[in-house]
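Next up: the structures, one after another.
Presented sequentially are two complexes of chain A, the first with chain B as partner and the second with chain C.
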Partner chain A sequence: MLKYALYRLCLAVPLLFLLSILTFVYIQIIPGDPVAGMLGPGGTPALVAQLRHELGLDQSLPSQYWHWLSNLFAHGDLGISFITRQPITPVLMDRIPATLQLTVTGLIFTVALGWLGGFLAGAFKDTWADRMLSGITLVGLSTPVFWIGTILILVFAVHLRWLPAGGYVPLAVDPVQSIKDSLMPGFAMGLGLAPYLARMTRAATVEVQHEPFLRHARAKGLRGRTMLLRYAARNAVPSTIVVIGLQLGALIGGQVVVEQLFNWPGLSRLLIEGAVQRDYYMVQAVILVIAVLYVVLNLAAELAHAALDPRIRL
Partner chain B sequence: MTGATTTKRETPEALLTVRNLSVHFRTGDTTVRAVDDVSLSIGRGEIVGLVGESGCGKSTLGMSLLRLIEAPGEIVGGEVIFDGRDLVPLPEKELRRIRGRDISLVVQNALAVMNPVTRVGEQLTEVLRDHGQAGRADRLVRARDVLASVGFPRPAHSLHSYPHQLSGGMQQRVSIAQSLLLGPRLIIADEPTTALDVTVQAQVLQLLTSACRTQGTSVLLITHDLGVVAETCDRVMVMYAGRVVESGPVRQIFTSPRHPYTVALLAALLPLRGAPPPVLQALPGQTPQPNEWPSGCRFNPRCPRRAALGDPAICEAEEPALRDVGAHAIACHFPGEDAVGTGRGSVRVDD
Partner chain C sequence: MTAPAASAATPVTAQRRRGTLRSRGLLNGRVVFGGTLLFIVVAVAVVGLVWTPYPADATNLQARFAAPQWLHLIGTDELGRDILSRAMVGAQTSLIISACAVGIAAAIGTVIGFLTGYMRGVIDIVLSRVIDAMLAVPALVVALGIVAMLGASATSVTVALAVAYTPQFSRVFRGVVVAARDQTYVEASRGLGLPAIVVVVKDLLPPVLPIMVVQVTTSLAWGILDEASLGFLGLGVQPPAPSWGSLLIEGRQYMYDAPWLPIGAGAFVVVAVLGVNILGDGLRDVLDPRAWTRRHSYRKGGAK
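Showing the complex of A and B:
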């Protein structure tokens, strides 16, 4: 297991390196000149040239990339924002915990709802429970997150007054309030993503019911509970971890709406603002951080899968 | 279908008595009579072979004894009396206690029937736990001991292995260990050695039978391998197209088969000594499809004896019952005519 973990970790390093190049190139090929944007209509060619030089934009692309990468590794420096002229790294460091908290909360809700609903539907296939859960997942799949979020705010914040309608307090400052803050946005994301996972889990559970080892478990006279948990669930659930890994992309990338709705200071909003203002380095930095998060969380999902299914550890 | 079949070996000390058992598979308008009006009995400590071609219903019969037939299959009639109790109407809850404890199952593909994500030790101890046997620590000791008894050189170490980490022979040994774990009175072994190398086959078979001989466990050995039957069984039943066509002591069946189908099966074996026959003649025709068994005697379209007798009408008109003829029971309208027209033939007995 440890060997497998190290192996996957080693594979992640070149992947991250490749990602950094892609991010860098990606932002270069987007049309539009940030300097012209910064200076506005009054920028003379001389002024533009001067500013380009100051920002290092007059150097060759490889040289710019090298500069960017070495600064990142040497000082954790991701450059400065074209707009605010402030270093980007501290801004990101402020946002990352908020994004992570929302991701984890959303993930917990997604997995809890998806696994439980999907497994129950699959284990009790073609019963009323299955039909009800399938109906709910269909509704869930076709309901946009902003609508779910609005309803949640109406119910839990406006009417019941159980949870705040929005806002964010860092976990370190006030843990209870922070968790309360994250419950609704996390739940909204979970409700949006759980139906897909539930469908996959149901399919995997139905499939596992036909495996010879389940019939043989009956021949061994095992209890229903043993067959359900140790045989059906333990075999069906790990295969859906891959789905969860893929959903993480949607989870991290799909936070824009939720962040906006619940006034959550995450990375996605930073990305949108940066893109609108052509803040090259900011966009580049946020994309890189999101990509790293995605790779790391996917790695965690793969390791979890390996931990649950011994046949994967090669 | 004719009336009730009988067999003389239905003795008071029989452990398992099956009477007129029928298992049908209904899909749409067609009904497949996979097991049709079969009666048999297995004595205590007896090893009984059940042979026949693929699709003759032998595995279905074995599974139906534990009532493990899956939809659309269904036991539509008959009794399975195990130790004085009929298992057919028994509630699932009580049946669960019998499965694995009193009657256990060994199948061909040991790897496929083991839980791929749990360790060998866990798979053994969970059986003990679910049958309410022993405390946690004691269960591990028993699991280790049973692995040692089936020839694991380092049983304590092997408890930590996952099924896929073992060789095919070792997987089947685990399977046998598991079937012996609770000291069952009957083991249904469905092609237990078919998937193994020939050298390993002999070891595994030896292991199973010697364990059963010493513990007085009865075995129903389902196989298409007549060699295996000759080596290990006390008695043998031959199935054809959902029916038992002949049964009797192994020696008798092998030296003087009475049913033309058994005769043909045995003729397909190459003699160990002497010159091989110049040509292995195939039995004419094919195994019938289970949903279109021939009328009358199901073997009649392929029967060399019927052909030699000039196609008597009764073979097509009436299904022969299993009747005692000497030490055998045979289902044939012309049980005595075994010298006639049963020349060397060959029947595929592969699976």
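Showing the complex of A and C:
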């Protein structure tokens, strides 16, 4: 297990390195001169040159990259915002608890709905239950998060008045309100992603039922329910964990929309604000953080899979 | 593909596959149903070119925020513009943007897929790692970053989505090419001294085509969704130009007073994406060899 973990870890390092280069290049290929744009019409050539110097933009590219990377590693410094001229790192750190809370809530809904739906459909393959669940899955795949989220708000916040339409309170300040706030956005995210997980779980459950050990169990005369829960479910679950890991990317992508819709102050809101205001350094920093999060979480999912299913470690 | 001259160079497996394809029937229920939905959406967009219930930009201050009714089937917006008419015109923009983005991504992805899969060597190592890194960033986030760079407009949304989808195409095609290039029939062509371009077009393109069809359909569904999402975030086609995305951001402002605005525009997206997804599912069952092997390993039916 340790050997496998080290091997996966070694694969992740060059990927992270490359990601840092790509996000660095992103700033370089912006058409036009961002510094002149930052200063607006009042930017005389002398001012532009001075600011370029202050930002270190007059140095060679490799030296700029080295400077950026070493600052990142030594001080966790992601540079300063183009718009506010404030350091980016503290702003980003502020947003991380909200993002994590939403991710975890979304993941809980995704896993609960996806596993349950997929397992039931797979266990009762080719029955009316399977057809109904597969139909719902297909509709769910095609329903945009902003649409389902809008309907949720109209039903649960405007019509029934059960949950707030948006907003965020930190978990430490008011746990009950905080959880209430995160229920609807989390559910919207779960509805968006559960269909993928349900499909994979269904396929895994169907596949497992044709394994020799299940045929053996059936031949021994085990009851259907025991067989499904003790044997089929237990063997179908590990492979879906990797799917969850891969879906995290989509979870983060969907989060962009959910955070905007429910007014949730997470990382993705920074990305949208940065994109609207053309705050390139902010966009660069958020993309880097999202990519690193994705790589790390994916690694965690693969290790969890290997820990649960010894066949993978071979 | 059925030209008799080509059959000399095609392998037995390809012929067998072709037989399966015909006997299975290209027109299964889902292909027909999904295709019909998509056809209706495209037809609505085409009709919108020549006729809409009201001119898409005609304001009518007497009929502001009219709820859905006989005269305005999906209601009207804050200026009394008919949502159905705007959604019909917007359908053109949305479908063209997604189709162009997916087309560009498929073209570039094919080239990269063949370069990396067929040429191997340094190009493969470098490009494949870059693609891995790009796949670590969610497509919508890549698109956001590019729109931030180019400014929000129909063109930059198209470019952004094309760049965001290219890595997936490259990855999928590389896999197919790598699997095909070691087949004996490809080796034979190379042994004959045929130039690489001929080998690629005659021997390697045919196995890629069915997978390309499936991948294009899947991406088209994403394209429509992502165009709408970008619009919803205020980074897509800018109002007052109608597109499904721009209708959504207009609708969002008034969602409490006039819920039919976001729901009506979103419903078009749902129908379009549902149609493409059902079509894609059906096509995958017929065309994607990976789905067949899975099918054949089961006794009956197949898992999606």
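What we mean here is this: the second predicted complex is superposed on the first by the 298 of 314 C-alpha atoms of A that agree within 3 Å, B and C clash if a C-alpha of one lies under 4 Å from a C-alpha of the other, contacts with A are read in each partner's own complex, and residues count from 1 in each chain.
The rule is simple: contacts are C-beta pairs under 8 Å (C-beta built on N, C-alpha and C of every residue); 3 or more make two chains touch, one makes a residue touch a chain.
Because the structure is a prediction, the values reported are computed rather than measured.
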Assess the superposed three-chain arrangement around chain A: do chain B and chain C clash, or do they fit?
-> fit
Between chain B (first) and chain C (second), which, if any, makes contact with A:K220: first, second, both or neither?
-> first
Based on the superposed arrangement, let me know which partner A:P14 touches: chain B (first), chain C (second), both, or neither?
-> second
Following superposition on chain A: angle at chain A, chain B versus chain C, Cα, nearest 10° | 80
Does chain C touch more residues of chain A than chain B does, or is it the other way round?
-> C
Report for A:G253: first if it touches chain B alone, second if chain C alone, otherwise both or neither.
-> second
Name the contact category of A:P310: first (chain B only), second (chain C only), both, or neither.
-> first
Taking the superposition as given, does A:V158 touch the first partner, chain B, the second, chain C, both, or neither?
-> second
Please work out whether A:L39 is in contact with chain B alone, chain C alone, both, or neither, and reply first, second, both or neither.
-> neither
How far apart, in whole Å, are the nearest Cα atoms of chain B and chain C in the superposition?
-> 9
Going through chain A, the residues touched by chain B and also by chain C turn out to be none
Touching chain C in the complex: which residues of chain A?
-> 14-15, 18-19, 22, 26, 29-31, 122, 125-126, 134, 138-139, 141-147, 150-151, 153-154, 158, 199, 202-203, 206-207, 210, 249-250, 252-254, 256-257, 260-261, 271-272, 274-276, 278, 280, 283-284, 287, 290-291, 294-295, 298
Of all residues in chain B, which touch chain A in the complex?
-> 66, 68, 70, 96-101, 104-105, 107, 109, 112-118, 126-127, 130-131, 162, 164, 178
Can you check the complex and tell me which residues of chain C touch chain A?
-> 129-130, 132-134, 136-142, 144-145, 147-151, 221, 225, 228-229, 232-235, 248, 252, 255-256, 259, 262-263, 266-267, 269-270, 273-274, 276-278, 281, 294, 297-299, 301, 303-304
List of chain A residues in touch with chain B within their complex | 211-213, 215-223, 226, 230-231, 234-235, 238, 308-311
